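There are two complexes below, and they share subunit A, which is joined by subunit B in the first and by subunit C in the second.
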Partner chain A sequence: MTSSSVDWRNRFGSTWLTKVKDQGGCGSCYIYGSVGVFEAMLRIEHHVWCRRDEDDVKNAISLTFGAASACGGGGPDHVLTWITANGVTDQITAPSSKISLGHPTPDRLGRTSRLDKDGIVAVKKAHVTLSGVEQMKQWVDLTGPITACFNCYPDLDKSCKDDAVYTPPANGTAGSDGHCVMIVGYDDHKKAWLIRNSWGTGWGTGGYGWFAYGTAGKNDENALEHRVCYGIPGGATNPDPWSKRRLHNGNFYESGNGTYHRNFEVFAQGPGGAVRHYVQNGKTLEWSLHETLPEVTLAPDFKKKGNDCAAQPTVFGSTYFRNFEILYLTTANELRHRLFDQTSQTWIDHGPLKNAAVKPAAPIMSAGGVPGFIQAAPGAPGNFELVVKNSQGGLDNWWRDDANNNAKWALKATFGANVRLSGATLVQRWAKGGAPYADLPAGLDLVCVTGEKVMQRFWRDDPNKAGWVACETFGNNVDSPPVMIRSQFGATDETVPGNYELCVAVDGAIEHWWMNGNPEPTTSGSWTMSEIFQTDRKGRKVKQVLGMVESSYGFDLEVVAELDNGALQHFSRDGAGWHAREVFA
Partner chain B sequence: MGGKMSDSNPGPVFARGCDLSAVPLAADVAPADLKAILGVDTSNPYLRNLRIEQGFLKRETLPDGLRNLVPIKGILEPLPIREEPK
Partner chain C sequence: MSNVVMEERRLRLGARLDVTLQGYGATGFRWGVVVEKPEIIGVARIVEDDPEPRVAGESADEVFELTALTVGETEVLFALARNFEAAGPPREVRGMRVVVTEPHV
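For the complex of A and B:
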């Protein structure tokens, strides 16, 4: 039996809808309704805020049909079909800059969330046509918001204040225009749909309103159920790597691959310096060895092929076509960058990183440990950032300027002292006010292990151009590299930073630490250890944590750790706490 | 609210933009087969529970790791979320 009421603004104890938008004077409600449903389904299915840019669709329609066409009206079916073919990008820059399909950034394809028409075989489309009250309610209850288009009368413009229920005029009333909204809930007690409009927060109750069910023979022709609605199956949604960039670190990544676009990918050091790629199938949840990466050419003359991986890699999915980018310490203490090119489905070896600022270019060296390696703003494409331990016991921050596409690495800063271990803990902070734009300075955070075996956070204070600043210390007796992400906990909407989550192996067990992410901490954040958990393998201990993800599975935290016998084990945390899962390597 | 529009009613304040000729009447469209569409897994554990409770999704078709990790409760009773202090 369908639930008697649903409200996706706050359901199951979480928030699922982005901030209310405003279409302004443009007749583009059909775009806002469709993109809004897509955004909501990305959040509901993958548990990540994934704000999309309606201008991406508007510009494409204008390019195809003329400058005024996007504001000239249309229907959701066409928009959702276009999204299935092209995806929708994020709001890359300030709205005035007009970067979109007509003027794309070089990495647009990697910044688009996608709809997969092949994912749901029963439909053979990435969106479903719903007809009638029963189907609409079932879909809203069991999947998520839907579009609704109707005869819109002028009295709606000033209605729905203070949660009042709007009743549409009687059948045959003149003076309506076509309008589209999202249905984001319903209440059988009120006998009304909960709609989300695209007229800003000044309309209705904060941009939302209750719209009465139609009454047959009276006003049903003006009701929301009079015309078909459109819904998107959650399994068809495929979020972009840019939106997920803070949700993973280390050798562990949730890609958009697989039937439900939730495969886990793990890259680990294998025998003889090889790099192995393991995958957890998102449908069967079975782990398997997917491949061993091809051998690379080795120094000194680069004529000999072999393997040179000397430590666990760090990986992420970049905005370059969703490529996998991996970086690892080599047997020569250099840092090798390799990528899986999604367009050709082949591995490309970029070789050891070189410092382009000196002539001839010299290898970038590391004094050991796990590199912090991410793609971050500013820049579109976002710059690559790297932090590793140097031979003087400090940390080096290298960067690659992707915005100017010169692909050259340069030293940005050297900071810290008495560093024992670096880790896969580099994460990007939020720009002031949570703005999604790439051109606002945000800064970085990093946690390392000091010579006293405690953890210390460093903050690159970009807004104040203050460089790297030493911050609080926490933990004790730490002798393995930590892994850190920014989760969705506490991120009540897409502009609010989530909490820091950190896992580290201490004395054979894993400690899970977290820190409030809102407001962004300055130099004195307060960490709390939430739980210590262990492997369930008899006689075994955890040697080090290798990777961490906040996954599509209901805000679950996922960890991959190396045991003291070299095996790799998966751990996860759901509503009931941490669980030791499969040993897969 | 509602009722006949008179000459004294103000015109629309906000922009619209739907071409209703591109949106069929519900009565003209055969209902989609929701049993097939809602009979597949979702990553959202709460919706997974609801689909099982309402008979769309069969628990035995799910891999072990998705069957029991989240406690199944009544469909109107929210499931517990391990919330961290804000």
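For the complex of A and C:
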């Protein structure tokens, strides 16, 4: 039994479709329809905006078949098969860093959302064929939008204004063009499909329109149901780490690994300075110890092997082949960078970070707290940025210039004073002035704990400048490092920044704070504490929040915290509030 | 339309000329036609019967039949635009100067 109406523009209280696009004068509607369905399924399955670049597919087809080929028409089956083999990159607006198959940047693989059949149990392909009203409606209702190709007549041009239903001409193809759109809903009362065109917002009702169901014996040849439609099973989608880079922080990361591409990965300090890697399987939802990282060579002579992890690591998935990049404070107060190379499936130790600006290169030191460590725009690959407390009670902002591939760390700025603790709170800001896409270069935000045990936000307004500005303070009696992300709450489309979400342990419980991300706060923001929650383990208290993720599970916020006995516990927030979950270590 | 290259054609009174333009209908763009002096040239859009449906993204060519109605000279402009969008410059313009002569000239 299917619903009587479906509208993916607004369903279950959220929006699921990227903004309406315009294919211009190129006959690439079949690419726009296919990529649009892919974006929608990434959003539905993983709750993240993943704006893709149709030009990536178009360029590839043109390179393969000739310059004008992609504009001459084609089929969604061809496009979806190509995406399964190659993925689709995000949009990079700076011409000099344009990513395409013809002009790949070193991090193309890490900025590519994938479509694969690994997670699909019921079908053998990463996309399926659909036909007939009932089968199409069932898929649109229970899974998501689909592509639809049809004979397109000139009278469609001015149709669908003010939600009017368009009925195609009777049988015959004289004077028709071939066109492809997305079906993003239907309404049995209207007896029509809701379509999204790729002719800009000037067409129909803001780019959308209602297209009448076909009726047996009449209109069938020109009905949307006449040709084969294509859908993508949600489990086949695998978003790229770049699109998810603001949705996690600390030692906690939702990777694209696992059957449903939603495994949780946690890196934690283990006995004897080892680093342990725990995984929550995205299919079974069970936590387990996945591995203990290999020993590293230790100073002073780098001949002896051992472990030197002295605090909880900070991790992210980088655009370099989706590698895991981890950074932690060592027993020598240095910062060690290690990465899991997804290509070779091995751990690589980059050793303690060194300041390349001095001769000989000196180790970068930390004086407490947890490092903020992220990959951020500008550049492709995006630079690595690091903020950590220094020995003078301030904060040091180090960066690694990846766009120019020099891979050397340099001090960008020293700022702040009377800092008690740094935390895994470094997040890239949204581009200034409401820039259209989250990929544009933007500054940074950070929250630390001051000597007065309150939290304070700092921001850096421009990616190429070093000026950090002190902003608002909030909270009280804070004596542990906070963790901060930018969530999808408030991100009504892919051009709107979501809220900041922050969790911190205070007096044995966890405080959850949030701040509206739109309009973007600059020199002052207004934080709200939404809830205080605690462990369900009798007699235990929360010592420190280690990591935070907004997950693929219904926009849920997920937290990993260390209890006062050293155990690690998982907490999550759904529509009913925060819940204490499994103790897994 | 001073920057439009004008192709010159001569027609005898009563003659007809088919003008075929590459179609972009699958992108929402269509050719429109404006005749400076409609008493000299009449225009009709010809819809050709296609045996097979087109693949998605493929557009049918657009064909206009020009008929010489009276002796004289006129400009015929073809403009490619989306008729559902607010008025703006067309994507492409093609021009034709048509001279209609007596049948015996």
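Please note the rule applied: the second predicted complex is superposed on the first by the 565 of 585 C-alpha atoms of A that agree within 3 Å, B and C clash if a C-alpha of one lies under 4 Å from a C-alpha of the other, contacts with A are read in each partner's own complex, and residues count from 1 in each chain.
In this text, a contact is a pair of C-beta atoms (placed from the backbone, for glycine too) under 8 Å apart; a residue touches a chain by one contact, two chains touch by 3 or more.
Note that the structure is predicted; figures quoted are calculated from it, not measured.
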{"item": "Combined model on subunit A: subunit C and subunit B, fit or clash", "value": "clash"}
{"item": "Contacts of A:P313 with subunit B and subunit C, given as first, second, both or neither", "value": "neither"}
{"item": "Touched partner set for A:D157, first subunit B, second subunit C, both or neither", "value": "both"}
{"item": "First (subunit B), second (subunit C), both or neither touched by A:G214", "value": "neither"}
{"item": "Most subunit A residues touched (candidates subunit B, subunit C)", "value": "B"}
{"item": "Which superposed partner A:D141 touches (first subunit B, second subunit C, both, neither)", "value": "first"}
{"item": "Which of subunit B and subunit C A:P381 touches, first, second, both or neither", "value": "neither"}
{"item": "Subunit B versus subunit C as contact partner of A:R573, first or second or both or neither", "value": "first"}
{"item": "Which of subunit B and subunit C A:R262 touches, first, second, both or neither", "value": "first"}
{"item": "Contact residues common to both interfaces of subunit A (with subunit B and with subunit C)", "value": "23-30, 71-76, 149, 151-152, 154, 157-158, 173-175, 177-180, 197, 199, 203"}
{"item": "Touch list for subunit A against partner subunit C, complex", "value": "23-30, 33, 71-76, 149, 151-152, 154, 157-158, 172-180, 197, 199-200, 202-204, 221"}
{"item": "Residues on subunit A engaged by subunit B in the complex (per definition of touch)", "value": "1-4, 11-14, 23-31, 44-47, 71-78, 120, 122-123, 128-132, 135, 138-139, 141-143, 149, 151-155, 157-159, 164, 166-170, 173-175, 177-180, 197, 199, 203, 219, 225-228, 233-235, 260, 262, 283-286, 489-490, 499, 514, 516, 518, 530, 552-555, 572-577, 579, 581"}
{"item": "Sites on subunit C touched by subunit A in the complex", "value": "23-30, 47-50, 52-60, 80, 82-86, 91"}
{"item": "Residue numbers on subunit B that touch subunit A, as the complex places them", "value": "1-5, 9-20, 22-27, 29-34, 36-47, 50-51, 54, 56, 63-66, 69-71, 75-76, 78-86"}
